[in-house]
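Listed after this line are the structures, all set down as structure tokens.
Two complexes follow with chain A in common, the first pairing it with chain B and the second with chain C.
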Partner chain A sequence: MRAYLFLICPVLLFLGGSYLLPFLGIMQLSFTDPEPGLGQYSHVLSDPLTLSVIWRTLRICVIVTAVSVAAAYIITLLWVRGRPLVRSLTELCIMIPFWISVLSRAFGWMSMLSNRGLLNTWLKDLGLIETSLQLTRNEFAVIIGMSHYLIPFAVFPLATAMRNVDERVLTAADGMGASRMRIFWQVFLPMTASGIMGATLLVFVFSVGFFVTPALLGGGQSVLIAELIYLWIFQIPQWGMAAAMSVILMLAVGGILVLLMRRYGEMAK
Partner chain B sequence: MTKLHPGRLATLLTALVALFLLMPLIAVVPVSFTSRRYLSLPDGKYSLRHYQALWEDPEWLSSFLTSVQVGVIASLLAVALATAFCIGIWMLRPRFSGLMTGFVLLPMVAPPVVSSLTLYFFLKKLSEWNSLIAYDSLGGVILAHMVMIVPYAVVVVMVSLSQIDRRMDLAAQSMGASVPTRIFGVILPNIRFGLLGAFFLCFLLSWDEIGVTLFVTSVETITLPRRMWMGLRDNVDPSIAALSVLLILVVSLLVIARALLLMRKERAAR
Partner chain C sequence: MKSEAIVANTTQIEARSVGKKFGKFHALRDISLEIAEGEFLSLLGPSGSGKTTFLTLLGGYENTTSGQLFLEGQDMTGWTANQRGFGMVFQGYALFPHLTVAENIAFPLKVQKRSKAQIADRVAQMVEMVGLSGHENKKPKALSGGQQQRVALARALAYEPKVLLLDEPFSALDKNLRGQMQEELRRLHRELGTTFVFVTHDQEEALALSSRIAIFNHGALQQVGTPDEVYERPANRFTAEFLGDINILTLDGTSGVAGTPIQLPVNAVGLGHLAVRPEHMRLAAEGDANQLPVRLRDRVYLGSKSRLLLETQAGEELMLYLDNGAGPAAPQTGAELRVAWDVQDSFAV
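Entry: the complex of A and B
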């Protein structure tokens, strides 16, 4: 029995001490800094500037989630159901970006979209524009960069759902004379709904706490929640506010995850 | 019976998505050959100065070494902790094992910025007591990375444990093997590839880690992603293009090699 305790306990102690305990400290700060009470929470949820950041985060995350899941659905379709050669090629297109660091990918979009970047240079060379288009340091760039990061994550739950589709059902629909489009919209798509739901929740959860890509591609012009927390710690120290915002974020994400697990739990039954 | 394959429309749309996914990776290549000091395309003059800068600048080298050190130490410790935990759960199947596993996976599902704030708070507090594991120190970064990668190690080790035959362990037990013998003689040899995979994944995650690292370091301990961030934030430094090209090249080669290996295996299996 003692031997088992030596095995299980170290990691629990490690995470308890260096993760759970400090998080409880953060929670405590959110109720006590600068003054005891719920002041920080009411400030976070009533200050117009903070509210505009929350609102922008939600808007951007919804758009990014929709774009990522739609794009992922298309590419997953070919990855799972394409001919062998197509399958290998799409797999490379998914896996190579997936393993490349978030910084290199954000930098790639900077090279693509910035004033002296590829796109502006080409458009100028073609004589389509006179002055450079402002494509970075705005919400557009943030949405592009975040979607690019999150597409591969949406692929995995979708692929699982698509692999589980019973081939015979499709053959039956085909045999009864349904057109390819109709088979897709009325048979295949509904049968992969659980994967779409999973991918949507997963991508949304990831996007809400996103920091690096918005900070780099938004250039301080479109601050999201995560960057706001960073600013509250390192620029204008307001620990209580940062703590309160973190607790709210944690609760929101926790809620979504519970939803996700319930859904998958039901499916498992 | 012929399988229904996606049609032309789906193929066309996929090509667009694939282009979107690969575009930024290709865009860094010309930028890395610019002869100027800022982010731009080479106009006729190609230069290798930014690759040279990577090679000659001692700061890039020291960050590279810091990242390797942090990655190796944090991954080894994380895999060790995770393996012990998983074996314990696997052998004992204690009550609340679901709850305990959920707790260990917490840093993986929590929003990264919340984990970052938590670890920053923790290391700031530790700094008041010691300087070994403290804010902006090597020990501090290693600890922060361990917290973030332990859940991934747990997932990988759990999966590989679930694939071994429990009867082997029961046989060893019934023949009187002690717990250490069962662990080192039976279980560990059977999950060695899982452990290797867990280490590899942990190292990659630590190597790329930037969110938490930004919060827990400032000027003393600068990992490679942290230095990239510094070069991206203020005046965009084309050395990062050169570095990105190298990183993208390595990743692409590894992914392609893996794909080819799998294809060969599949053919051999047929």
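Entry: the complex of A and C
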């Protein structure tokens, strides 16, 4: 044992105290509360309501990931490869929302989309609609809000990948007569595949644990796993269920991470 | 003679006072040059001399800011790279990293919408030609530098371009591999008869490969000629010094060097310096016409021969090679010697 290894002890102590210990507590709860055994797990995995929440979470997260990564790809393209003015404008549009808290952004979308919100008012004023469109308290609002929050996180890995593309390869393709479409689909896009993978990974993992945005914009109509866990802890105290759900969530995220990372590693080769 | 063969050929590409400015910087000024069909022309010069810029202008990857370019008599100045249809081997190869060797070579053929069978045939033929059989399904990263170079060549030649442009293709290779690839390139050029325009900063490479060499410096064309022409008859001091080693002597205005009278070549009128290649300079023997007293500063033993570093009475440095096998015992450092050369081997610059 080298002496300097002791230097990492403070970190280990901190992580152990603030992370590992509570986690072990949750593990324990999930197997013991209200009664010892696997009852909590079998309940969570058999209860139709809980299953529908898990299914909805998965569905929304897949959609949000696809929307965020696709939108981020276009935004990053403008940021990395646009003209100087386009670049600085895009940079502002990426950075400013990135610095605003998740809560403010959720409220922002509510004032935009709610029944008496900006969008509905404008549409009415323009005479395009008679009655307000239901734009909040549903999955649509949740997907919009979550994607908006997650796009900057997808932009950064994509930007790295796009900046690493050798300009000469594109010049070469152009010189061989490839059209812009062909260069994009057959050269640029595959060359940035590692960035797409990284962005997907990051956004998906973040989205699975989302709480504030779905709670506000879903308005109780579109409950996701994190909100369900919250309900089990604060509304109908069933801590064992909450703990079991947390463990399942963590294992699911871990499993997806391992799968995607393996694919990502192959791609980086 | 190589030069005669070129004269007999038809002009394929012509540059007429081509210039290129980047902002206020003149990268190229007033380049006029004819490239014959099937020749191997090297663009040679130090870095920043404009040789690569000229190649990208030829390929259509950059636009000229003045002058015109012609392809077989047609004005191609405004044509895109694709319209010109030249093959190009980029510095660093610019292979598609996500495609296999075969897919890389097939790319330009697919763009041309050739039939699958045709593409497969052509790819197999190119892989065979550059000696990459067995590597068809590897990605570029799994290949060595030399192999990647071959893929780049195969890809550029796959659609049978009239002209192949090469931008310092061997600069990333080690010396042995470089020699091997030079041989391959000569073979390809002989077999295909395609016009090759080759950018390099390596003088030996240019001398060994080219049918003609165009020498660039500071964005201007210094001289164009066969390798022996530019080496033996450099047009100016830059060319003389850039290609190989050279001894330069300052003329004192009274047809002599530092007071010693010597014979001057016919072109010497009005020029201030005399140049003699080291291999044409020797230690003087009885009866040599052009003799100059020198002092031996250092002797570098190179095995079969020695390199002598000498200093004239005016303090100018000279160099010559001495065979170690025969002749008198080697002179010692500090010895007073005399060097000689034949007047036809000297030229004024």
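FYI, the second predicted complex is superposed on the first by the 251 of 269 C-alpha atoms of A that agree within 3 Å, B and C clash if a C-alpha of one lies under 4 Å from a C-alpha of the other, contacts with A are read in each partner's own complex, and residues count from 1 in each chain.
Keep this in mind: contacts are C-beta pairs under 8 Å (C-beta built on N, C-alpha and C of every residue); 3 or more make two chains touch, one makes a residue touch a chain.
If you're wondering where the values come from, they're calculated on a predicted model, not measured in any experiment.
Q: Which partner reaches more residues of chain A, chain B or chain C?
A: Answer, by number of touched residues of chain A: B.
Q: Using the superposition on chain A described above, determine whether A:117 touches chain B (first), chain C (second), both, or neither.
A: After superposing on A, A:117 lies in contact with chain B but is clear of chain C.
Q: For A:174, using the defined touch cut-off, is the partner it touches chain B, chain C, both, or neither? Pick first, second, both or neither.
A: Both chain B and chain C are touched by A:174.
Q: Should A:166 be classified as contacting the first partner (chain B), the second (chain C), both, or neither?
A: After superposition on chain A, A:166 lies in contact with chain C alone.
Q: Shared contact residues on chain A, chain B side and chain C side combined as an intersection?
A: Dual-contact residues (chain A): 171, 174.
Q: Could you please specify the touching residues of chain B with respect to chain A in the complex?
A: Chain B residues touching chain A: 1, 3-7, 10-11, 13-14, 17-18, 20-28, 30-31, 38-41, 81-82, 84-85, 87-89, 91-92, 94, 100, 103-104, 106-107, 109-122, 125, 143, 146-147, 150, 154, 179-180, 204, 207-208, 210-211, 214-215, 225, 228-229, 232-233, 236, 240-241, 243-244, 247-248, 251-252, 254-256, 259, 263.
Q: Would you tell me which residues of chain A are touching chain B in their complex?
A: Residues of chain A touching chain B: 3-8, 10-12, 14-15, 18-23, 25-26, 29, 71, 74-75, 77-78, 81-83, 86, 88-97, 99-112, 114, 116-118, 121, 148, 151-152, 167, 170-171, 174, 180, 183, 205, 208-212, 215-216, 225-226, 229-230, 233, 242-243, 246, 249-250, 253, 257.
Q: Quick check: in the complex, which residue numbers of chain C touch chain A?
A: 59-61, 81-82, 85-86, 88, 90-92, 94-98, 107-108, 111-112, 141, 159
Q: What part of chain A is in contact with chain C in the complex they form?
A: The touching residues are 166, 168-169, 171-178, 182, 186-187, 190-191, 193, 269.
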